[in-house]
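Structure record follows, encoded as structure tokens.
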Amino acid sequence: MLANNRQQTSQPLLEVNDLQTHLVLGRGTLKAVDGVSFSLNRGQTLGIVGESGSGKTLTSMSIIRLLPKPSGRIVGGSIKFDGVDIVSLPEKEIAKNWRGNRISMVLQDPLTSLNPVYSIADQLGQPFRYHYKDMSRREIRDASIEMLRKVRIPAPEKRLASYPHQFSGGMRQRAVIAMAIAAKPELLIADEPTSALDVTIQIQIMDLFRKLQEETGVSIIMITHDMGVAAQLCDRVAVMYAGRIVEIGDARDIFKRPAHPYTQGLLQSIPKIGQRQKRLYAIPGQPPSLFNPPKGCRFADRCPHRMPKCDVYPPTVELESGHSAACWLLESKA
Amino acid sequence: MWTYILKRLLHGLFSIIGASLLIFVITRLTGDPVAMLLPPEATEEMVRQMRATLGLDRPIWEQYLIFASHALQGDLGMSYRWEMPALTLLLDRLPATIQLASAGLLFSISVAVPLGVLSAVYRGSWIDRVGKTLAMAGQAMPNFWVGLILILVFSVSLGWLPAYGSGTFRHLILPAIALGSYPVAAQTRIVRSSMLDVLDSDYIKMGRILGASESVLVWKYAFRNAAVPLITVLGVYFAAMLGGTFVVEVIFAWPGVGRTVVEAVFARDFPVVQAGVLFTSVVFVTVNLLVDLSYGVIDPRARVNV
Amino acid sequence: MSSVETATISAPRARLNLSAIMRLPFIPIFILSVLVICAIFGNQLAPHNPTALNLGMALKPPGWVEGGSWAYPLGTDNLGRDILSRIIAGARISVIVAIYAIIVSGGIGAVFGMMAGYFGRTVDTVIMRIVDIQMSVPALALALVLATLLRPSLSTVLIVIAITYWSWYARIVRAEVISLKQRDYVALARIAGVSTPVIFIRHLLPNIMNTLLVLATLQVGQVIIFEASLSFLGLGIQNPDVSWGLMLADARSYITVAWWAITMPGIAIMLTCLAANLFGDWMRDTFDPKRRQL
């Protein structure tokens, strides 16, 4: 919710245009990301919301170029980071100059994200060793302690020598976040960073993300299946379904006036605390297979407002500034 | 952690006692121990004395205790072929065997590790297939045949390396290769499969995210984790090496325990045979114990969990 | 009660479907079949009498080398015996040893493994301790002890194999049985009062058969090499019986003049073991996908 306070620089930090990423598997080619476009300004937080299989993780993996080998490949579209199209850059270049110090990532499970046989000190030292080659050991150590302090880990000097199994779940995720931002990246992608944690810890970690953004101005892409998480933290939200973005806009607009039936369904399925509900709402049906995606609207089979028109893929309609969705229902409102 | 050490020590002790019991039982079962332990030309007097020393008129468990107490005092019988105490004889030869077994293990690891790591990193490529083939071949050849072929090629035909004896590093090369050729296959497989698991892990992904280069990822972060399963079984392979020395030492005339024991078998010098086998067991158990205890160093998690 | 006894509810096993058959390792099977045929029909197949001395023909090189003749395709040894015939004759010992090892070691190991896994507690501890002790003594060492006490012969070899290899089977079978024990049909059988031996035979055994078979085929190579080592040292098969290991021992003394005498029997061992190992891998991949190696 900081977009209003942030000075918008004219050029967006990240511009994704018609991104297509495929997974070549034994039984066919999965069109996991099938024409995704969005942009992210500096200092902003974008939430990508969707169910599993919607393509949200692979979208972020495409940005940081960590697609599964050898099946994953970007087959179309462009990803412009600070004006540079990074899709065509070679792997060595990305590893050396982009990952860690410009684009970084936090994964879902902090336990598996940390190497069990190396100390926190060694692992936290990685981004410094890779991107600040002339830092001395002492400087790296001090900087690491500073990072631990930044992620609110108490008594950081003592903790530095510990091993991952000596940390609690919440602390581990903080340590991972520290590692991810140590080299001062401009973009941080967080892939379901709280799904593996207790609810109380979730709130703390969300709070941490917010504070870190305030302090460092880092732009965040938050991937989640949880609308509540998106509501707490994001300036803008993109809703993905079956490999495409079906609705995108400012968080406030999306939550107040969800335009796409899928978004409406997602919001409806959030249990309302304080109200007794006879049954929890779940969107009936399953997403379509992406080996051979349907030609028309991909949500049509599960949509309560289905029309014959939906056999053709709907155009994207802009409802208000920055808020658009792809649905035939909106045609009249444009 | 100390409970862990204690437990392992007790377990090791138990195995040694068990091994000695096993040998003791086999001996008693298959023949007259006196006839075994004395040379054929022994006099009546010597026979009677031996009977008394062994306590052959006592119940069997007392006999074992006598045997064990003698053993603990270092008395494992007198070799009649070499005319010295069996224990002294073997202790003399032990360093040579340990040297050979270690060299063999070192050789097998130095082939298996690069082969396994490269097979995993370049999974599916020709490197992977060549590696698998080499490893399979190693597992299909008896170590003594490898030794003979090595002699044929490198000593007889090319004259580069000596075919027998010991003393210099050049003498160690062929026997070590012969000894180490067999386990390469299994070790390569272990390294490869654990590398594959590790390379798939989230923490390696995290390393990539932070901008690590492939070589740092593979050799520093991945390998350390992947090495653990291999180290787990190093003890087993050292034992295999020890077992293999019996034959390889014979081929290369290596002056170690193995060759001595084999000679003793043909000379029907039983004290040496018995002592040699006990020896091998003790060394094997000790090595395993050391490997187990070293977990604490390799894997910090083991220091807490037992 | 009888229906519980007779019904054997098996754990699902991989079926030998068409695609599995297409991936049959044809070459290993071919080699192994040749081996078995040699073992059975050796006498008819061998071009010469494997044990007949013929000093006039001693140390002839293989047929394709100058000085050799195709009457003795792989050459002769120092006593003029045809090496090809001796290799064919030696196949018999290898096959006997392999079959014996599978049946006896596998059998003993399976029984003890089932007992350890099924009864648990004291029985388990005792059996497993025995396995531990046994594994503390290298097999060859044990063989040496026995060879000193008994006369070296085929029986000695077989006894040593039995004593040594059962522990591998026991350990793995025990693990399987422990997990099988939890299954419903075992519990049902016990409640119905089915006697233990029947449970073993009717319910446990069919389900560990897969694992046993896989393990057995993987052991074949090891056992053949073991017998060759023993015979090489002079502690196993003795002249005039023929074993590949023994051939190598004989050839050792004239290694400088007759490379074929050292090479050929070794190649026979190598091909047999390769075939057995590859076949064993295929067995494991087909029948026990959990243990498959990627």
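Order of writing sets the labels: A, B and C. Residues in every chain begin at 1.
Methods note: a residue touches a chain if its C-beta (ideal position, glycine included) is under 8 Å from a C-beta of that chain, and two chains touch if they have at least 3 such contacts.
Values in this document were obtained by computation on a predicted structure and should not be read as measured data.
Judged by the touch criterion defined above, the protein chains link up one after another in an open path, with no loop closing it. In terms of C-beta pairs in contact, B-C outnumbers the other of B-C and A-B. Chain-level centrality, scored on Cα centres against the all-protein Cα centre, points to B. Inter-chain centre distance (chain A to chain C, centres taken as mean C-alpha positions): 57 Å. We define each chain's centre as the mean of its Cα atoms; on that basis chain B and chain C are separated by 22 Å. Centres computed as Cα averages put chain A at a distance of 53 Å from chain B. The touching residues of chain B, when paired with chain C in their complex, are 11, 14-16, 18-19, 21-23, 26-27, 30-31, 36, 136-137, 139-145, 148-149, 151-152, 156, 189, 193, 196, 239-240, 242-244, 246-247, 250-251, 261-262, 264-266, 268, 270, 273-274, 276-277, 280-281, 284-285.
Residues 129-130, 132-142, 144-150, 221, 225, 228-229, 232-235, 245, 248, 252, 255-256, 259, 262-263, 266, 269-271, 273-274, 277-278, 293-294 of chain C are the ones that touch chain B when the two sit in their complex. Chain A meets chain B in the complex at residues 64, 66, 92, 95-96, 98-101, 104-105, 107, 109, 112-118, 126-127, 130-131, 163, 165, 176, 179-180, 183.
Across the complex, chain A is touched by residues 201-214, 221, 224-225, 228, 298-301, 304 of chain B.
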